[in-house]
Structure formats: structure tokens, C-alpha cells
Amino acid sequence: MGLRRLSSEHLARIALALVALVVPLAVSVAWWGANRSTLAVTIHGRVSEAGGWLPDTLAASVGSPLQLRLVSDDVVHGFAVGRSDADPLDLPPGQVVETTLTFDQPGTYTFYCTRWCGPNHWRMRGVIVVSGGSPAVAEVVDPLYESLGIDIDALHPASAIPRVRPSAERGESLGVEFPEGFRSRSDFIARPPAETWQSLRLDSSTRGLSDSQVWDLVAYQWRSTTTDGALQEGQSLFAQNCAACHGESGGGDGAIADAISAAAPTHLAGNEPPSPADFTDPSTMLGASSALLQGKILRGGMGTGMPYWGPILTDAQLWSLADYLWTFQFGETS
Amino acid sequence: MAEARKPRSASGSLMTHVDLTRLPFVRSMLVARGPQLAVQLAAVAGLLLVIASGLLGTPVGSRNPATVLVWIAWWAALMIVAVPFFGRLWCGVCPLPLPGEWLQRGALLRPRGRGRGLGLPWPRRLRGLWVQNAAFVIVALFSLPVLTQPRLTALLLAGLVLVAIAVSLVFERRSFCRYLCPVGGFIGLYAQAAPLEVRVRDPRVCADHTTKTCYTGSADGYGCPWQVFPATLTSNVSCGVCLECLRTCPLDNVAIRLRPMGADLRPSAPVRIDEAFKSLVLIGSALVYAIVLLGPSSALRAAAAAVGSPSWLVYAAGFLLVTVVLVPGLFLAATSLGRSAARRRLSANEGLRRFAPALVPLGLAAWAAFSLGFVLTNVSYILPVLSDPIGLGWDLLGTTSMPWTPVGGTLASWALVAIVLAGLAWSSRHIRAVAENLTGGVRMAMPVWGFSFLVTAGLLWVFVA
Amino acid sequence: MTRFNRLLPYVALTALAVVVVALVGLPSSSARSGGVARNVRVEASAYAFTPATIEVDPGDRVTIELASTDVVHGLHIEGYDVNLTADPGQPATVSFVADRPGTYRIRCSVPCGPLHPFMSGRLRVGPPSTFWRAMALALIAIAAGGMALWRKPASPGARLAPS
């Protein structure tokens, strides 16, 4: 057999070699190439128990675009960078979604999952460390609860509880002027409603009012120091981030509540594992100030399963949420 | 020109067969090894793609070719088209045994002297269908995680290839296919219903031929890899349509023919007990699969998926009880009940082995309907998966973002009903034929019809209730 | 056997089958007017809908609230073109009139894990008439196969041939 004439067997073997080598080679090269690409970073999203974001630490430079290819490996996830106003991206399982992020300021940014993916959904977070540029001089501001000296982990029973659900509308119609020290927003957020009620009850301007009417005034104080826009934003933030554990009606009985309680390692007073707070219970809610609530949301629950939202929500969003929580005590029931 | 041959059997009844290999073009395409190899190479390419993407691609089952192309596309094509209408034709191009076979033969095309391997005969003790019955049941028990996770599908297929290679290098011919392959037992049984067959034209010509190259091999081809003697082949169960006998017969006595569907199911012949058992295990499995996967109990499904857990052990015990004990036991009772109607003494064992082939049409219909239902729901995954096979964000066909669109509705429901009832009617006819052959008549057929009705009721309840 | 006698079983069974299939408007299942309002809360978890079967009467106004308990799930009912998606804590609702009788599969439309393709339930509008008609047809099929299509062989003891 000369070199010029290949038998059919040899042709067949060449064909087999092409098939047996080309297919796996092509697949492997493509896969290897995708993982080594320096242009775009591929991030796999998995539920926290299976690893969360892989990788979960990225580096970037100020001004240079960071190209990301995001793909979910199991269920629907979402991607967003904390404290930014960019729209979150939905990640349908198995489909690659591309995005580019550009940072103006150096610092540490947190990215997180925006679609509920199980009890540990909130743990699905990562960081992007952005270097370069000149850092803006920011003054360090203590959270309000710290400057007010509030211990946000202590129990806060209410010293007084209304018999009837207070109504801000009724409070407004009373036409009573608030005394000095109760008129501004900062007055409202620093004091628990029960304490406010005690003080208003003793004040001369409320002498002719019943206890319930004074509660209505407390409700009105809340309503008048916040805006419709803030309450709407709070409502939407609550639905997306809080309702799964705390329940759509704030009763601490959300769909994921049981799983959270079962997983929480630390216990508060008594042997029961802590469950998500019940915002409809006046005996605890009315003993907490907005500053305490905002602080709890900001810092989280120290192992109870309550996430820390500081890196995720802007200051305005945190206060909108705290304002919204009062609707479970004072809001109009439909 | 193809002539419709109408040979008459000894009893004088007519049989209609169409000999496709009388067409010169068909014959030359089948005898030439090139076309078959081309299809085999395509199958090997598909297998490699499936294994590679299963191991490297996305773990999401609905977006990975391993799960979608194997369990939706290939399985549906097999159960709805290939087996009912072409018998074991898939076995002739299946990629799983090919690497082993090529090594064993030392060639891809014509024989070129000895290949590798010990060529030992398969152990006598392990012949028969019991090993395949067991393999099928075991695979079925572990199937739910495998069906839904690409990595496991890839590992299963790679494992089967490696086992096939090992078997080919130790034992002769296609021992893996004949005695081990879990799918093979399945396909072989239901291939009896198909209208395609490989048979010799005139057995007397074979009797006079001394060298029997169809079994021993020649320079033109290999002796039957399926260890079947073509001259006496009367059933599709073990013939893998590899076409070697077409090439080795020097007397042009081998033909590929079209014949009436179900011609291998003969009312006058009992089958071996292992084959009867296979028929029962398969129809029982079809019912269990339908109830577990498509039925209303998600607890049952969860148990089937949690392999290794206590709930899975309970499920496995139940599965085994139903497929190995309950269904065969019920069938034994049904075939035994009418024994007194026969004019001669009939043992329970013989009754079972006579009536078992009658379950082939109903069993095939059950699997086909089950597969059709599943495929209609999930067929819309195929184009996206082809467009982005490794989950890297490609859009080769522009269909990567196609949404899931189930095909269903009233028409689909009635299609499933029609398939099941067609199988039931055909099985009922065969049951009557066997009963008449045993001289038991309608009275003997009644309980067996009752059994078929119960199985049908279970299937219909899952599909349309 | 006369030609008429030979054809009679085929004709009779075919006619019976047609009648059974055409039995769409059974009296109890065509109560178009006077449907009640039904509210169903369906909890979706991996991989189950609870309740798995929703039974309503034709003409009812059905409101389905999909509440997910672990990850994002979907609820799809073919035949009624219902397509909901719900995150835990954010239930979704749809309202429609069940004017088409029959059994419709409820399927999860959002990949929620490995067993997602098998996550299903049923919406039954009216009695499961398709099932009962299919059962009646099954009896007809047995009669057709076992009686009408079976042919006595020409000579006794001969190998039976397909007709």
C-alpha cells in the first residue's frame, strides 16, 4: 500500500479520530477558555448551602469597567450591588447574563442575591474591592442608635399598650398641637411610642382626651413625620426582603420563618429559638423606637438569622423601612 | 423491484412480507459499511457531546444536553418511533459498545485479522435474561437522580462505555449488548411488535451450506456479534440489526423484510420463563413510573429521588414488591383462573408462559404513551440546549432564550389514550388467540382481559384523570 | 358468513366508540350559569403544590393565590393560559372563570431544582369525564380486540395468522 492510496479502513479511522478528538477538544477548549478569560469574570450563583457566589470576592479599579458573566447553577437568583440605584438582574437557571459595572469611588461594595432562594438567601453575598482613584473624604457617622445609647439587643417591652388600634387619621382630626420636643422627625425617631404616649398623657395639652385618643396622637406623630413616598418605598422593600420571614402581614410567620428558627443557633431568654419578630405585637413593638428598629435592620441580629442590611440598603431606604414597620401598629386596616 | 412475497406456511395461511433487500439500491447501501459507519460516528459524536457537557456544563437539568438530548429527545425517539416501527434498529448504531467492538475487532470496517481481546464465551450460568432483568430493575431504582442531573447521566453513560469496553476485551462478540445492557432487554422484548425483521429467505439453503459463515465469519464480515444463528432466527428479540449476516452470506439468503406488526408474537408458542418475567417486570415498571413521576403524590416522588435515605428504602421495597411480586403474581392468578376451561391439563407455569407475549403490545403502548406525555411537556428545551450546549452563554441557533412552552391540551390527552387503547385492543386480540389455541375460549381469556383492563385503568388514571 | 354479518361487529363497536367520545355534554357537567367564587391558596415548595388537586365546577370563578415557601416557583395551567410566578413572601394571584370542563395539568414554570420537571398538580373542572370515557373505550377496545378483530383460523389446529 503506497502513501498515495489510503485504504477505506484508514479513512474510516481518520474520520473516527476527527470525531473522537474534535468534539471533546472543542468542548474542553471552549470551557477552559471561558474560565480563563481576563476580559470578563464568570460568577456562578448557587444557594448558600452549595457555595453561594463563586467567586465571592472580586477586584476592580475606579473608572475601568468590570465585565461580569453571571449564571445560576440551581434556582432563580438575582444580582444587584448594594447601596446603588442600578436595577437588579434576574438570573434564570442555566442562562448566562452579562453586565458591566463601573465604579467612581474606591471602597468595598457588596453584591447580593435579590430573588429568594431558600432560608439562607440573605447570606448569598460577595464583595467587590475597588481600588484606585482618590477616596472622597467621608466623615464617619455613628448610627443613630449608638449616639443615642440604645442597646438594640435588649428586650424592649412596652410600658403601655392601647386597647383599640390607634389611627393616625383620628389623631389628625383632634387638632391638638404637639408640645415642644415632640414636633420634629428627630423627636419621633428617638423615642418609643409607649414612652411618647406616657409623656403626652401627662402633658396639659391632652387633658381632655381619652387614652385611646392620645394613642391616636402618637399614631399621627408617626404619620406626619414621614411621607407617602417613603412608606411606599418601605412597603416594596418589605415585600421583597422581609415578608418571606416576617410574613406579609408582619406577624413573624412568613413562609421561611420555620426554617430560620430551626437554623438559628443562639437563644434569647428561655429555650425557644428566636423566630422572626412579630411586628403586629404591640407589647414589644411599642417599646421600640424607630432608631432601634433602624439599628436592628442595619446591624442585623447577631446570629439569630436576622440579616444585616447596612451594606445593601442606603440610609434613606433603611429609614423608609423603619417608617413602614409602624403600619403594622398604626396603619389603616382595609 | 420488490415483490410482495406470499409464501404459504405449512398450514396454508397467507403471510405478507415485503423483502426490502430485493431492491438493489437498498441492498448495496446496507451491505456497504460506509453508510452504517457514518451513522455510528454521528452517534459517537452525540455521545461525546453528551458526556462532555454533562461533566462540564451547567448542573441545571433543563439546560444541559446530557439530560435533555438523552432523556427527552433520544428516549422519546426510541420509545415512540424506533422500537415500535423499526425494532432493534437503534442497536445497530448505538455508540455504547462501539469503542469496545472496534478494539476487539482491530478494525472499523472489514475484518483485518485478529483484533485484541480474549474472546471468551459468555459464562453459561449468566446467559438468559435474568441478569438483564436485574440490571433494569436496579437502574430503575436509581433512575430519578440520574434522569434529572446532567453529571449523573454523563457518569452513567461513561460507565456503560467502560464496562462495554472491558466486556469486549474479555468476552467474545457483543456479549455486553446481549447479556448486560439494561436498555437492550427492554428494546429486545418490544422489538417483537415491530414491522421490520432480519430473516433468511429459505432455511433449506442454509441447511445445505456447510461453512455457516453467517455465524463463523468470513473475509467479508464478522460472525453474528449477537451470537444468534440467522438460519433459525424466528424472533426480533436478540437480533441487533448489525447487518453482518447480510455481508457474510455467500448465497444471498439473508433479507431485511417488512412484515405485519407483532408477527413474532405467536399464540401457539410459549416463551421461556425469563422472557415472560421480563415482560411482566417491564409492564409493572411502566405503571410504577407513571404513578410515581406523573401521579399526584409528591411525597412518593421525593422518596424516589432521595436515593439512600430511609424513605427511598421504603420506596425501593415498594417498587420491587409491585414489579417483581404483585404484578407477576396477579398475572399468574389471571392466567391460572381460566385453566379449567381448557380441554387438556394446563400447568400454571405453562399458562403464564403462553399468555406473557400478549402483554407486549400493551406494555409497549404504556411506555410509548408515558414517553410521549413527558416529551410533549419538555420538548421546548431541545432548541435552547442545542444553542448553548456547555452553558457558556452561546447562542448558536438563536434559541438560547426560548421560553419553556409545554405542548398539551385535549389533543395530547386523547393521543395518550389512543396509544394505550390501541395496545389494549391488540393485546386483547392476542389473549383471545392464545386462549383459543389452548382450547379455553372466551372463558379462559376473561381473567387475562381483566388483568389488562386493570393495568389500563391505572395508566389512564395517571394520564387523564 | 355473509358480508353484513362479518362487518356488523366492526360497525357496532365503531358506533359505540363514537357515541362515547361525543358524550361531552353530560347534564351534571354543563352548569354554565350560577358558578360560585372559589379561592384557593396554593403553596409551592420543592417539589410539590399543596393542594395538588383543585376541584371546581364549570362556571365557577376561581381565584388562585400562589404562595411559595422556599424558592421562586411558577404556576402554569395549560388550557386556561394561567402563568404565575411567586417569590417567598410575595404571593401572586390570578382570577379566571372555569368555563372549560376537563382535567388540566398544573405545572411549575420556573426551574426550581432537579425535580422541577415533575412538579405538577391538577385542576379538575367538573367530573373527570375524559377518564370515564376512556375507561368505557377501554372496554370497547377489549371487545374489539378479543371479539371483533379475532378471526377463527381456516382449519383447526393451524397456526393463527394476523388478519
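So that you can tell them apart, the chains are marked A, B and C in the order they are listed, and the count of residues begins at 1 in each.
Everything below uses one rule, namely that a contact is a pair of C-beta atoms (placed from the backbone, for glycine too) under 8 Å apart; a residue touches a chain by one contact, two chains touch by 3 or more.
These figures come from a predicted structure and were not determined experimentally.
Undergrad: Would you identify the groups of chains that remain joined by contact if subunit C were left out?
TA: Minus subunit C, contact groups: still one piece.
Undergrad: Once every inter-chain C-beta contact is counted, which two chains account for the most?
TA: Contact tally peaks for the chain pair B-C.
Undergrad: Determine the centre-to-centre distance between subunit A and subunit B, using the mean Cα coordinates as centres, and give it in whole Å.
TA: Centre-to-centre distance between subunit A and subunit B: 54 Å.
Undergrad: Whole-Å distance, subunit B centre to subunit C centre, using C-alpha means?
TA: So the centroids are 29 Å from each other.
Undergrad: Go ahead and note the Å separation of the Cα centroids belonging to subunit A and subunit C.
TA: The answer is 44 Å.
Undergrad: Among the residues of subunit C, which ones contact at least 2 other chains?
TA: 111
Undergrad: Out of subunit B, which residues touch more than one other chain, so two or more?
TA: 60, 62-63
Undergrad: Can you list every residue of subunit A that touches 2 or more other chains, as numbers and ranges?
TA: Touching at least two other chains: 74, 93-94.
Undergrad: Help me check something: in the complex, which residues belonging to subunit A touch subunit C?
TA: Touch list, subunit A to subunit C: 47, 74-76, 92-94, 115-119, 239-240, 242-245, 247-248, 254-256, 259.
Undergrad: Quick one: in the complex, what on subunit B touches subunit A?
TA: So the residues of subunit B touching subunit A come out as 33-34, 37, 41, 44-45, 48-49, 52-53, 56-60, 62-64, 102, 107-110, 112, 388-393, 400-401.
Undergrad: Could you list, by residue number, the parts of subunit A that touch subunit B in their complex?
TA: 8-9, 12-13, 15-16, 19-20, 23-24, 27-28, 30-31, 34, 69, 71-74, 93-96, 98
Undergrad: Subunit A touches which residues of subunit C in the complex?
TA: For this pair, the touching residues of subunit C are 43, 67-72, 87-91, 110-113.
Undergrad: So in the complex, the part of subunit C that touches subunit B is made up of which residues?
TA: So the residues of subunit C in touch with subunit B come to 47-49, 52-53, 76, 78-79, 102-103, 105, 107, 109, 111, 114-122, 128, 130-131, 134-135, 137-139, 141-147, 149-150, 152-155, 158-162.
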